[in-house]
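Please read the structure below before turning to the comments.
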Amino acid sequence: MAKVKIGLLGGGRIGRLHGTNLQNFVPDAEVVVLADPFLNDEMAAWAESIGIAKCTKEADEVFADPNVDAVFICSSTNTHAEFIIKAAKAGKAIFCEKPIATEIPDIKEALAAVDEAGVKLQVGFVRRFDRNHKAVRDVVASGELGKPYVVKVCSRDPEGPPMAYVKVSGGIYKDMTIHDFDMVRYLAGCEVTEVYAAGTVLTDPGYADYNDVDTTIITLKFENGAIGVIDNCRTAPYGYDQRVEVHCEKGCVQDNNNLENQAFISTGDGVKSAKPTWFFLERYNDAFVEEEKEFIDCIINDKPTPVNGNDGLQPVRIAIAAGKSLAEGRPVKLEEIEG
Amino acid sequence: MAKVKIGLLGGGRIGRLHGTNLQNFVPDAEVVVLADPFLNDEMAAWAESIGIAKCTKEADEVFADPNVDAVFICSSTNTHAEFIIKAAKAGKAIFCEKPIATEIPDIKEALAAVDEAGVKLQVGFVRRFDRNHKAVRDVVASGELGKPYVVKVCSRDPEGPPMAYVKVSGGIYKDMTIHDFDMVRYLAGCEVTEVYAAGTVLTDPGYADYNDVDTTIITLKFENGAIGVIDNCRTAPYGYDQRVEVHCEKGCVQDNNNLENQAFISTGDGVKSAKPTWFFLERYNDAFVEEEKEFIDCIINDKPTPVNGNDGLQPVRIAIAAGKSLAEGRPVKLEEIEG
Amino acid sequence: MAKVKIGLLGGGRIGRLHGTNLQNFVPDAEVVVLADPFLNDEMAAWAESIGIAKCTKEADEVFADPNVDAVFICSSTNTHAEFIIKAAKAGKAIFCEKPIATEIPDIKEALAAVDEAGVKLQVGFVRRFDRNHKAVRDVVASGELGKPYVVKVCSRDPEGPPMAYVKVSGGIYKDMTIHDFDMVRYLAGCEVTEVYAAGTVLTDPGYADYNDVDTTIITLKFENGAIGVIDNCRTAPYGYDQRVEVHCEKGCVQDNNNLENQAFISTGDGVKSAKPTWFFLERYNDAFVEEEKEFIDCIINDKPTPVNGNDGLQPVRIAIAAGKSLAEGRPVKLEEIEG
Amino acid sequence: MAKVKIGLLGGGRIGRLHGTNLQNFVPDAEVVVLADPFLNDEMAAWAESIGIAKCTKEADEVFADPNVDAVFICSSTNTHAEFIIKAAKAGKAIFCEKPIATEIPDIKEALAAVDEAGVKLQVGFVRRFDRNHKAVRDVVASGELGKPYVVKVCSRDPEGPPMAYVKVSGGIYKDMTIHDFDMVRYLAGCEVTEVYAAGTVLTDPGYADYNDVDTTIITLKFENGAIGVIDNCRTAPYGYDQRVEVHCEKGCVQDNNNLENQAFISTGDGVKSAKPTWFFLERYNDAFVEEEKEFIDCIINDKPTPVNGNDGLQPVRIAIAAGKSLAEGRPVKLEEIEG
């Protein structure tokens, strides 16, 4: 088969990451056009350097282009739902960075368009493609450890975002924990039914100005009877802390962080080794390529995508439930949230 | 100074553990009498084998014995408070296995007697003397990592107790999690102010018959602003899982389990190492000796005991709060609980 | 500066590895021509797919091409010295896969040509660019641990080569241990002065047919007074075992293998984690890119290459000494070997 | 059966270690008499404190005592052979600290007396009873990994002995490496046939004054075809470094050091954990008890001892061969050494 022709929507950090990966590491894909309303010489030069033949400021040109088989939506979050709808109507396969939208009705409208058009949609929950987390999930899914009892995710960023970002981020649950809400669904293999969130401001008083928290613990209940917990913090000076654990009937499976290297020094002061890799670009570097390859493979071999529309919707519902729990100081059932 | 003369109250499993340790490993202590209402030939033979000169069925003989400097209360839980009161009135130093009692008024009455008599009291929260947990706590207490943000304890027993025991255990929070409630206070260096408990029955339906749970996640808030989480399960077929973690401003300190040995085998199937030590007798073996030594040292050098009466009281309050939270499905403030 | 224009000599496995890396990951390089005497449609298609504009069967076309700034010599070993000489005469910078040649006079002739022409030469001892080994060496070189006492390298291949290859390999010391001879020089920061080799045939009796061994231990003495040991085996069913260690005056620095992932499973049978990455393409994947980048950087910024001609020569001398030691059953001084 | 009655010969550091262990941890043993030519009030008080009823300066009183079933020879090395002979003639079971003697003829004379008398003899190679090393050896002995290929032992002391001791120690091979010579025989399950030793003085020039080395690498060949290597250093400021490894046909089994605790701290500077336990009293603490228990068990149940006379002899032969190899700069076959 010929290469899958990609239209890249958005030439910012995440767009360039996908674009570069697709050109270099995904042999069955080819990015043929970049659309970005802020297109300038520098961005065009970048596109040329990786072999993207055409650039435009108009996303609509991409949807209208009969040569484009699939789009990567890497534009700002507020455009995601609209672009999904347009791409679906144009019959393109869709890879969309998370989240689809921050409000449920917008997500549902986008998903309805995808359903109606019968196109493929994959949402960019990249951590599922990390080899450590995937190994944990595969053990759980294999059933070799029996029933899951407890699902745990620890996720800490090395450093907090600028306050200007915090202001518009939608809050920690929609911005940061959303990845963990996806992860627990992935690990448990079923839906969350209830959440209880405790949170506080410890790393920077600025979060309080936006009614946000920077440190939070979320207790979860799952459809399959398991319970779970996520703990998040906006800062961890030792690097990106990304660990998951599933305690099951017959054993426990968990993962450690990737370290910067495997050297260690023993002296009279103790044994010192390298710290975890710094942030998501380092830790999930290979996972981005893997998610791109699987998306292209789903198109070529007409398979369901590994992270579908519902996988895009549910974490947002859980995030909304967590925010409500924090605000109201009580556990919130998912059925209380539109879905 | 002469050896501290000990009266051992209770010749069951935990009494024998303390008795044997005191005779073999605590050079400044000597067990001079054992009192147990179920004294029989076998128990007397055990006492003789480790050099305890006298045995009796009457605890009161121990309290009345002017030769006894201190007592180790290792009898059944329902006798603890009464024995503390009697020992205090007799002016003996007191080591009491946890818990002092399962109800607050009983604890307070016992502590009042201790205060009035001005005797020393140490409660048997042995995990504080484990070298791993102690190393974690010492780092936190040193301040080198700055403010604590998140305190985490994972505690799983290798196998559940008999249902006959579950029936009278007082429930998971008073029986099992109580150690973890002590541990989080020890790690955070301050009091718990609020708890939220989620729990379920997964390992054995029998727990439900006693209105108990076998798997639970408890979210905590602390006086110093930190938040925390404990997760417990009554079964872990790989052994006793005992890990703590404190995430702080400048870094994170945590510990791993002790393994049965440090050998590992690399084959085409992966790398295999030994599992954690089996249960508390293996894991906290050295810690029992350490807590005994520190108690004796506090007597000889007239120092405050490292686990005092309030340390005996507060975990029971937290356990009661956790039980209430589970029953009522809401966070419970510690100030709601008598204390 | 414009990109460094590369002529790639050899389109086999290692040539394609370098070619692909240069095109994808080394922004300042561009492969402009491939020369391979076995050029066919498949190879030409590969070259085209990564953007190499020109292909030829004639290496001389590359040397004659004024557009070519540097060559990557990835052809069969017996052509390396000749190609180095031709490239040097043509004034090209040279990256040459190891070894330069298997006999000393050939290496010296090539190095003389490089010296005379004043061109840059880097030899492909890729392990120096592995982040684990580099971290170990950097600690030693920093002096923070004081004088090196003992240098250790353990290197095991996951599976042995075909006997057809063993026949022409030049023996284990020139073929496999040569990397470790380079590594000990890199770690110790000085020359080897004496070697003693013990070896045997254990994995496959076929090695004996070619007067070779498959398992060997080599003791080394260094100019700086340290001693060292390398152990090699042609098979290790758990994957590529690549560990180094330097024990020094004030401490010891060493590294562990990279594992396939960081997940681990705890059950009643023990704790199981992933095995080391399989072979050099997996383990040294990133190191290949790093060595290419550093070579290009040396050209652009006119710096000495990190693995120079002498670094290409000495491991061959040590390999010859090791072979002599094995044959004669005695330690052999490096000064006995032409150099 | 009644307890095995022990006569303890030697009340120095190692004698007290065995005496205390036997009284406290080996329920089937009882030390009834201590003999030491340097007996004084302090030593007698120690003996009394652990319940040894009788003390004497005369070892012959122990051999003559019909109440004594077995002796622990913990006196100075030069008395070991003589005491073995006397104990054997008196029909006592014998535990003898290593080495039996430093010269072969003395050892052979002692072993002949043991054979003639038909008494049990166990030599104090305590490392065989370390749970890490034992786990490694058990995997090799089980055959699950197939044939052993390479046997490796790394053994480093935290700090060197006083020069006064070095002077009379018999040199590093008889004093320090002798444990490792025992260990490689234990791991390989067969005899050593050839050794090559390289050694140097790096930690303290004083060693050279006694014609000794402080850092050494010894290559070994084994009867079963495997090869091996030991590396030793007299100093390691991070603690007692004791690691073994056996690379086999189907995999590799090795062990790590015990650390002081399992806590670790992650900060911007890296991940720091505790160093290995300090020296043999910390590391082999439990192993001493285990060797004592097994010796007593062999007496009670009439089983062959786990470390017999030949196990006492062979390491001395290997040590002599290593010294000869170092002196002569060539590999030395064991058959060159009287045995």
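Should a chain be cited, it is by its letter among A, B, C and D, assigned in written order, with residues numbered from 1 in that chain.
Everything that follows uses one rule, which is that a residue touches a chain if its C-beta (ideal position, glycine included) is under 8 Å from a C-beta of that chain, and two chains touch if they have at least 3 such contacts.
Given the structure is predicted, the values throughout are model-derived calculations rather than measurements.
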Which chain has its C-alpha centroid at the greatest distance from the C-alpha centroid of chain A?
D
With residue numbers as the basis of comparison, which of the pairs A-B, C-D or A-D duplicates the interface of B-C in over half of its contact pairs?
A-D
Cα centre of chain A to Cα centre of chain B, whole Å, reads 42
Between chain B and chain D, what's the gap in Å when you average each chain's C-alpha atoms?
39
Going through chain B residue by residue, note those that touch at least 2 other chains and give them in order.
236-238, 241, 250-252, 266-268, 274
Chain A-facing residues of chain B, complex:
147, 149-150, 152, 154, 156, 196, 198-200, 202-203, 215-217, 219, 221, 225-229, 231, 233, 235-238, 241, 247, 249-252, 329-331
What residues of chain C sit close enough to touch chain B in their complex?
236-239, 241, 259, 266-276
Contacting residues of chain B [partner chain D, same complex]
24-25, 27, 49, 51, 131-132, 134-136, 139, 145, 250-258, 260-268, 274
